[in-house]
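Chains here go by letter, A, B, C and D, matching the order in which they are written, and residues are numbered from 1 within each.
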Amino acid sequence: MISKRYSKDEIIAQFHDGQTIMTGGFAYHGCPELLIDCVLESGAKHLTNIALDVSASRLMLSGCFDKMIIAHAGAEKENLEAVSSGKFEVEYCPMGTLAERIRAGGVGIGGILVKVGLGTVAEKGKQKIEMNGETYILESALTADIALVKATKADYYGNLTYNGTNLNSNPIIAQAADKTIVQVDEIVPLGQMAPEECTTPGIFVDMILDTSL
Amino acid sequence: MISKRYSKDEIIAQFHDGQTIMTGGFAYHGCPELLIDCVLESGAKHLTNIALDVSASRLMLSGCFDKMIIAHAGAEKENLEAVSSGKFEVEYCPMGTLAERIRAGGVGIGGILVKVGLGTVAEKGKQKIEMNGETYILESALTADIALVKATKADYYGNLTYNGTNLNSNPIIAQAADKTIVQVDEIVPLGQMAPEECTTPGIFVDMILDTSL
Amino acid sequence: MSLRDENRNFIAKKIASYFTDGDVVNLGVGVPMLVANYLSKDVAVQTENGILGYGKVIGGNDPEKPYFNAAGNTVELVPGASCFGMCTSFGMIRRGRIKTTVLGCFEVSQYGDLANWARPGSYPGMGGAMDLVSGISNVIVATDHCTKDGAPKILEACTLPLTGVGVVKSIVTELAVFTINREKGLYLRERRDGVSIAEIREKTGAPFSVDPDIKIM
Amino acid sequence: MSLRDENRNFIAKKIASYFTDGDVVNLGVGVPMLVANYLSKDVAVQTENGILGYGKVIGGNDPEKPYFNAAGNTVELVPGASCFGMCTSFGMIRRGRIKTTVLGCFEVSQYGDLANWARPGSYPGMGGAMDLVSGISNVIVATDHCTKDGAPKILEACTLPLTGVGVVKSIVTELAVFTINREKGLYLRERRDGVSIAEIREKTGAPFSVDPDIKIM
């Protein structure tokens, strides 16, 4: 199996104006901070960010987003002011639905039917579907140009393992983009991860940041 | 956390005429054979079986099914004759779609949109949905009264781990029934499984077959 | 401890008394999170970011213990705890495997409508709240009876954007316990010792029936 | 080895030559499975029941090696292999992360329609075949050129229930290699040494264009 280790400069070169970028992490945990550095250093603008919350707040506050799709902006004053500033568009989605929309994108499903949000603003502008006498909201799948993922360990091929609640959105985001870039605590040679340990199979991963290159 | 270990007799008492029963396993691997024994011993009839294939062929051949929803009947002559016999109804579904319909049932999603099967018999009798200029088949979620699951290890609460391709449909089936019953190779006390090792969180599990009881 | 904090712990302790060993509960941020401090160790706490079975909130950010609750605080896991991603977590929520959630509110209506995620000038997003009230059958609201300005939070109808319609089953405040019937409205079950029904009526923005066998909280 | 088996191995070897290190391929049961024997070790084989990266087929059922392919045979994993459940497996298939699948057929039409799952009197179900042809862009059919009775399997239109419409990109038989354009139909790219174009026309149930630079397989 081929190796997917890349230098920081090679990763910086992936970012361009207008891309949609998914970022893993929740409440600043399991967040790919080194990859966020790469986006900032690339100077890319007019980006769309899809994430569970504003764990990528350094990007948000830098002004490189035109749009965010998130479930929650957290409790910090600075972040709340930013999402209320009108400087970029913010689309809110219930967190469980958002997670499933990202997952659907990653596994090639067009959309899902949910009851979450019926009777609230969350159903605004969305198709309603009747099935077996029940009413559902049709929620479309989400994909992205680039996914930025934080994992605990990767082998050269990009098989990934996560620990604890750092899992959060990382495994689903890892599947949902055309190009998946990961930051890990440890890179090991092929054969040093058990097949069952590979929460994200390496086929979903395109580039691993190797800070030694 | 409470213990969910039960004797074979207590498990046999769960089966009744007319139930829908999901069975894990694929190509006879990862198949809950001891729990299939329990169904046979219960004498329950007019059952519906949902499974990827006919790994539960002992049940099928016993005549206790009125209906099966499967993706494939395998290559064995005896099984092919049974599914062609007309003695029970057989509904075929593409395997990846079937797996996602079971998963959807297990996570409280009403249905999914897929392109798989467009232009084939797989779309027959199903709603077509237009979204963002694309046509999809609407596939409904599947749930069951009882799920029979084979795992490698369980703790007393029912956290489950699987190895290799014995995973197959077991983790999704474990989530999709009102009552989930599991057979494992090893039962360990609470605290002896790492939190990350619990592929199926114990909350989805209702009964663990403990052959020592 | 301030009177407000004392009241909030009183609410949390009251709600904790509802659970028995083997129960699983999801706790929202704020007052609900305090409930964890009063639960028996055999009640499992779920947090929607991916843990079933946490005990004490430790706080801080220990990289050796990568277990956080929805508020981002490090928590201690109990034996039998499991960790999982967001899809599995909200899966067990939507599927109804978790029977009870305790949530805070800005407003709650007499018929169980809940508004707890958006206020004028503060629009942080619904987070997981809509998923929780949609999937979990027993939604308990834990809240100060009135706002800081003394305005009632229990109303005939919510004025703020809704989290869910007719979803709240009971309300526990520092003054009273109500149950809610989606058609019939509020029913006063318990009152705080020394608090009159008249005082509760005065501080509640909606009519309610009173249990003839009303109890002291 | 029988002539039929020799031909099938010839087909498998030919198809194996299409892959370069780093490629990932899904192999169907039957002739396609033979391709595994001729692949470089840096081509990863995926099996839809949940492995990415298997090498040799060992056969049997060794409980210490719980790694099976879609035909239920024990396989040996290569370094870097991963195991996963069916949803992840078909997820990487539908999502297009796997670029190539090699499948058998009962019939294939000049425009790439595939029928490989149901025949009169034999209705085992479509298994994962519909998912594979829907999600994977490069569908190669590996097949005997004709049926055991000598009837063509490559036809103007399929007569059996379809697996997918216009999905096949190329066909490799013991006599010829065709590519398929969904609008223009069959294009003969290669012929077996010693096999004339006239013989191929005779054994093929649909018209085809011939590459002026036709090669020997």
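To be clear about the criterion, a residue touches a chain if its C-beta (ideal position, glycine included) is under 8 Å from a C-beta of that chain, and two chains touch if they have at least 3 such contacts.
Just so it is clear, the structure is predicted and the values come from calculations on it, not from any experiment.
**Q** Under the document's definition of touching, what chains do chain A and chain D have as common neighbours?
**A** B
**Q** Can you name the chains that touch chain A as well as chain C?
**A** Touches both chain A and chain C: B.
**Q** With chain centres set to the mean of the C-alpha atoms, which chain is at the far end from chain A?
**A** D
**Q** Does B-C or B-D have more contacting C-beta pairs?
**A** Most C-beta pairs in contact, of the two: B-D.
**Q** Can you compute the centre-to-centre distance for chain A and chain B, using the mean CA position of each chain? Integer Å is fine.
**A** 31
**Q** List the centre-to-centre spacing of chain B and chain C in whole Å, with centres computed as mean CA coordinates.
**A** Chain B and chain C have C-alpha centres separated by 35 Å.
**Q** Using CA atom averages as chain centres, what separation in Å is found between chain B and chain D?
**A** Comparing mean C-alpha positions, chain D is 29 Å from chain B.
**Q** Roughly how far is chain C from chain D, going centre to centre by Cα mean, in whole Å?
**A** About 56 Å separates the centre of chain C from that of chain D.
**Q** By residue number and range, which residues of chain D touch two or more other chains?
**A** Expected reply: 51, 67, 83-84, 87, 90-91, 93-94, 135.
**Q** List, in ascending order, every residue of chain B touching at least 2 other chains.
**A** Expected reply: 100, 107-109, 114-115, 163-164, 167, 195-196.
**Q** Chain pairs that touch, all of them, please.
**A** Pairs flagged as touching, ordered by label: A-B, A-C, A-D, B-C, B-D.
**Q** Which positions of chain A touch chain C when the two form their complex?
**A** Going by the criterion above, the answer is residues 26-30, 52-53, 70-75, 80, 83-84, 90, 92, 94-97, 99-100, 103, 114-122, 163-172.
**Q** Can you tell me which positions in chain C touch chain B when the two form their complex?
**A** Residues of chain C touching chain B: 21-22, 24, 42, 44, 46, 51-53, 67, 77-84, 87-88, 90-98, 135.
**Q** So in the complex, which bits of chain B are touching chain C?
**A** Going by the criterion above, the answer is residues 1-2, 106-109, 155-157, 159, 175, 189-191, 193, 195-196, 198, 201-204.
**Q** Give every residue of chain A touching chain B within the complex, in rising order.
**A** Chain A residues touching chain B: 100, 104, 107-115, 127, 129, 131-132, 134, 136, 138, 140, 162-164, 167, 195-196.
**Q** For the complex, which residues does chain D have touching chain B?
**A** 47-51, 61, 65-68, 70-72, 83-87, 89-91, 93-94, 121-131, 134-135, 161-165
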